[in-house]
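What follows is a pair of complexes built around chain A, which joins chain B in one and chain C in the other.
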Partner chain A sequence: MTIHGLWVISKAGGLVFSRSYSDVLPPQPVNTILTLAGILHGIHAITAKLTPTPIPGVTAGGLESFEAEGWGGKVFLTPTGTKFVVLHSLPQSGLDDLMKRIYEIYSDAVMKNPFHTPEMPINSALFETKLQTLMSGVNA
Partner chain B sequence: MSSAVGYSTTPPAGSSRFSLASSSTSLYSTSQNPSSSTINNNPNRRESARSSIVPIQQQLFGGTAQPQGNVNILDRSINKTKGSEMALSAWAFIFAEVIAYSQSRSDSIADLEKRLSTLGYEVGQRILSLVLLRNTQASNLKDPKREHRLIPILQFVHTQIYKYVFGKPADGLERSSEAEDEYMLVLNESPLSQFISVPKDMSDLSCESFTAGLVEGVLDGLEVPARVTAHWVGDQYPDHPQRTVILIKLDQKVMDREEALGK
Partner chain C sequence: MTIYSLYIFDRHCEPVYYQDWHRTRPVRAPPPTSFKPGVHRLPPSQPTDTSTAANGNVRESIFSDNRTSLISNGTTNSNNQKMSLPKGLPFDEEAKLVYGVILSLRNMVKKLSGRDEAFTSYSTSSYKLHLFETPTNYKFILLSDPSSDSLRFVLRQLYVGPFLEYVIRNPLVKVDSRVEGVDNDQFRSAVDRHMKGLSMFN
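Moving on, here comes the complex of A and B:
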């Protein structure tokens, strides 16, 4: 499995972080990624309402993953509404663990950083370094 | 003995350095020391306290012992540290909030560092009292030790204070090669600021100013006035990108005293 990229989408649907970790997928301009992230946010909200057999008392989570030819995406929603989207190669394995690791790094390097403003673009060297280490471990 | 005098505050004369108030009745015979004395003559107290060891806070503040698990911070035993450690995450969040708060009230990086340093100073003063008290009690009040020479004091900070605050001694204590009165405490990775990523436009800022203030507070309490500052040197050490040096610039008065005391 190769990780192609990571997006972090704020609860309002804005892209706050995006990095590419391989050159398999063609690089996109930032504006395109912003738009795509916005669309994904919308689709996620719609899918959450479309659950065919809703379980009473349980809130439907919405889109969890999508697949295209040769690559796919995994969506992880935190309880506070932040979404992590990982673009990966197929077949994939161990994505759930990876998602938890990313969430952990996010909690440590972003949420505990006094210079970060919630819902604003992530600008933390520590976050990037830690992610880079994690991703090069996975992609190796 | 009646229950009304159950919470006497007078430890035996001569052996205590921490009595606050004296009351007319003492529960302790002179051979007992306060930290290990048991109360056998007060049934109410014995019921409520699970252990027979009387926490020093209760002697000082007259608190009532509660069942363990829901104990007021003032009712805890002063010597028992196991289980009362704080989660690093909780600390990280509160420290982040402290920095954000200070930042919103300061107009420059120097001002922000000053504010953090001032907060650290207050912490240092309190930690010093606590560590000294614990050491005194650990030595059973027989041989209370308090360093008075410069090098042992710095080693005390390097080992005991750092161990208390960070869980491990500092990674190095060095004397500056340029100035006689400058010493450096090195910590390769501080738990305090390990999650903090300083933005580029504030790259001069060292959040370890808090630690610097803490060290200054401790040194001041030991009668070693000094100007303490924190400097990030991680760029020179690729292995330790968070390496920080706490620079201690001693007051001239300290150097004079050291010289007068001689070897």
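Moving on, here comes the complex of A and C:
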């Protein structure tokens, strides 16, 4: 499995972080990714509405993963509404663990940073180097 | 494994066929103003409030549910009503949502991969949606439970089997019509038979 990229989307639907970790998918301008992240945020809400067998009293979950012909995406929603989107190659395995580790790194390097403003773009060298180590371990 | 529903859209973004099997939240029939024949066989929507029905031709209002619960239970909150009776969307609105989602995802996948690549499926915690697109831009969409493998082969089988046989080769079906779907008895029963013969149906 190769990780192609990672996005972090804030609870309002804004893109706060995006990195590419392979050159399989063509590089995109930041504006395009910004738009796509917004679209994904909307899709997430609609997919929850289309649930064919909702359980009464339980809120239906939205989009969790999507697949194209050679690659896919996995969406991880944290309890606070932040979304992590990982673009990966198919077939995939161990993505859930990877998501948890990304979330861990995010909590350590971003949320515990007193100079970070929530809902604003992430500018943290620590976050980036930690992610880079994690991704190069997976992509190797 | 379970199969929930099947949608077919034509190249004008219009739903032309719908069938469902195991939905616990059934879709409601659309209001008469946006009814399109030959797409689904949902029973026409009944006014839920009997007192309203007695008054004659009163259009069902979006408040009618709450009003019923208020009349019958006094100060009961509407939350309770929602929990006991999950209400579906009208068919026309649901079809628009389904089409909107697959169109947005398809554009996103196309943009991200930089070439004409189709998105094949997405899944949530409670269902999985499979998409099969024909060269003539018919979109076959199947909703199943989230644990199932790719069911695109089933959609392909439906296309080369019942759809070609009973829709394309049927001179009575108005293909490419914006005012009418492709529903007919043979097609519906062939689809039903095909789905019920699958190992993942149930």
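Everything below uses one rule, namely that the second predicted complex is superposed on the first by the 140 of 140 C-alpha atoms of A that agree within 3 Å, B and C clash if a C-alpha of one lies under 4 Å from a C-alpha of the other, contacts with A are read in each partner's own complex, and residues count from 1 in each chain.
Definition applied: contacts are C-beta pairs under 8 Å (C-beta built on N, C-alpha and C of every residue); 3 or more make two chains touch, one makes a residue touch a chain.
Note that this is a predicted model, so its numbers are computed, not measured.
Superposition note: with chain A as the common reference, chain B and chain C can be accommodated side by side.
With both structures placed on the common chain, the touch criterion links A:K49 to chain C but leaves chain B unconnected. In the superposed model, A:Q28 makes contact with chain C only, not with chain B. Once the two complexes are overlaid on the shared chain, A:P91 sits clear of chain B and of chain C alike. The superposition-derived angle at chain A (between chain B and chain C) is 140°, Cα centres, a multiple of 10.
Once chain A of one complex is fitted onto chain A of the other, the partner contacts of A:F127 are limited to chain B, with no touch recorded for chain C.
Within the superposed three-chain model, A:L40 lies in touch with chain C and out of touch with chain B [touch as defined at top]. With both complexes placed on chain A, chain A has more residues touched by C than by the other of chain B and chain C.
Of the two partner chains placed by the overlay, only chain B lies in contact with A:D108; chain C stays clear of it. Once both structures are overlaid on their shared chain A, chain B and chain C have a minimum Cα-Cα separation of 30 Å. Residues of chain A that touch chain C in their complex: 25-26, 28, 32, 36, 39-40, 42-43, 46-54, 56-57, 60-71, 87. Residues 4-5, 20, 22-25, 82-84, 86, 89, 94, 97-98, 100-101, 104-105, 107-109, 111-114, 117-127, 129, 143, 146, 150 of chain C are the ones touching chain A in the complex. Listing the residues of chain A that touch chain B in their complex gives 108-109, 111-115, 123-127.
For chain B in complex with chain A, the touching residues are 89, 92-93, 95-100, 103, 195-199, 202, 207.
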